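Two complexes come next, and they have one chain in common, chain A, joined by chain B in the first and chain C in the second.
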Partner chain A sequence: MNRMWVLKVILLFGIFMSLASCTHSVHIVNFSDFRPYREAKTAVSIEAKSEQFVVLGFTDNTSYVNEAYQRLMQKCIDGQISGISTQYYTSLGFFSWTNHIVMQGLCHKVN
Partner chain B sequence: MKVVLIALLSIYFIGCVSLNTVSLTSIPANRSKPVVATTERLMFFGFNFDNDYVDYLTDNLKNQCPHGLISGVLTKDESIDYFLYIVWKKRITAQGYCVSLKSAASSKSSSNIGSENPRKRNPSNMTSEIDSKQESVEVSDE
Partner chain C sequence: MSKIINKTLKIIFLYSTLMCLSSCAYLHHVQVGEIDSTGDNDLIPFEIKVSEFGIDLNDAKSTSKILMNSKNSKQADEILTMLQYFQMGPKTGAPVFSVAYVNHLENKIRENCPSGRVTGIMSIREARQYPVIKGEIVKIKGYCLRSKKEKI
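This part shows the complex of A and B:
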């Protein structure tokens, strides 16, 4: 009887934790430098995003980070990107969550 | 109920990867020479007596670009769980682009990379005379 009770408590706790949805948790925000110094008016603000939907923790890669990296570079093919802010956060859902990567930077076109 | 409980616990028996940190430095315009380095360490019960494996990453990147500047470095720190976090691995991956110092120097005053008169540091992170004197310098890309 006691054993069943313990199992029930563990199960309910697990379900309760999984139901905590609609939460956005920022894990890390990172900034790169702004050099070489250029006039701000010559720079164009660019942004790249990617995400990974994870159900019950099953995932075997973090390639979505590389996707965001590639997308950012594609938006500034012949230019230098500086002042890059990298945000990594997770949006929690029902027995699942979504990992997000957002990269924003300034594209300086080379003359 | 037992089945559900076992199903939930079984998640922890499967090798899953999670991202701990990610960072990115400024990306150069010249991306013709990519460099990649990875280092990892397998751990049992979390026992780890040093973090020297991280230094290997720096050395590896340096060796791939001995006379250049590495920029646009994407660094990922991942944890790979093999079994209940009794056996797990830390993996750090860094990838970026090697830019020759020659081209960086040709852009000379852009930054003080390779210059004989390096820019003075301003730890206060405030605009000072140092900055006001040097901001007028024409900047070009490496």
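This part shows the complex of A and C:
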């Protein structure tokens, strides 16, 4: 009986911890155009990320979207970026959360 | 006897709810890019659909009220409320355990259209609503331009 009770507690704790573990909410996944038309195999995948940590609605970083944008541009100097996907999602947490911006695209080097 | 009738009624109710809700879809966001139908081209449609399952704790609460007796459902309600403290923040649909499913979708488009001549991209963020479990979906629709001469 006692052993069963311990097993039950372990099982419940396991379920609780797995459900309480980091969960995310995907808000938006947008795509830009694929102009100018270039053969896909000549392109290189690039990625830029940025995040904003929020505690109960309060934060000090309000330029995280611009940071990701600048980083993406830096990843393809002297090239053209097309097919940019912008993902905006939130990692949920205990009385706090983190907003993420991920920009991924294809970099075509001109020369 | 009344217990059996109650249980049967509960099962019938749950089954009918499940059947009613199983086909529900919910649109969160949609965006369309430029559409190029100039030139001597065929538009070959393609669609990419990625999804991840999410768990709605509010749904779990209401389901526990139906399935459990009042004492157990109260305990389940307290546990689920505690879980919700660990899932604070802005939400679109139900929370998911991984966001890897939306990673590098441009590569999937590239696989569908190796020529790179992609137009009319439409990104859809939607959800399939099932009891407690939700399907969080991202769908990309578009056209791959193919020259009519290429076909010949």
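The rule is simple: the second predicted complex is superposed on the first by the 88 of 111 C-alpha atoms of A that agree within 3 Å, B and C clash if a C-alpha of one lies under 4 Å from a C-alpha of the other, contacts with A are read in each partner's own complex, and residues count from 1 in each chain.
The rule we apply is simple: a residue touches a chain if its C-beta (ideal position, glycine included) is under 8 Å from a C-beta of that chain, and two chains touch if they have at least 3 such contacts.
Note that the structure is predicted; figures quoted are calculated from it, not measured.
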| item | value |
| --- | --- |
| First, second, both or neither for A:L92, with chain B first and chain C second | second |
| Partner chain in contact with A:R3 - chain B first, chain C second, else both or neither | neither |
| Which of chain B and chain C A:Y69 touches, first, second, both or neither | first |
| Chain B versus chain C as contact partner of A:V110, first or second or both or neither | first |
| Chain B versus chain C as contact partner of A:N61, first or second or both or neither | first |
| Partner chain(s) touched by A:N30 [first = chain B, second = chain C, both, neither] | both |
| Contacts of A:G79 with chain B and chain C, given as first, second, both or neither | first |
| Chain B versus chain C as contact partner of A:I101, first or second or both or neither | first |
| Overlap of chain C and chain B interfaces on chain A (superposed complexes) | 27-28, 30, 32-35, 37-38, 83-84, 99, 105 |
| Complex contact set, residues of chain C against chain A | 28-29, 31, 33-34, 54-55, 79, 82-83, 85-99, 102-107, 109-110, 113-119, 121, 123, 125, 136, 138, 140, 145 |
| In the complex, chain A residues that touch chain C | 16, 19-35, 37-41, 43, 45, 47, 54, 83-85, 87, 89-100, 102, 104-106 |
| Chain A - residues contacting chain B, complex | 7-8, 10-11, 14, 27-28, 30, 32-38, 56-62, 65-66, 69, 72-73, 76, 78-84, 86, 88, 99, 101, 103, 105, 108, 110-111 |
| Touching residues (chain side chain B, partner chain A) in the complex | 1-2, 4-5, 8, 11, 14-29, 31, 72, 74, 76, 78, 107, 110-111, 134-135, 137, 139-142 |
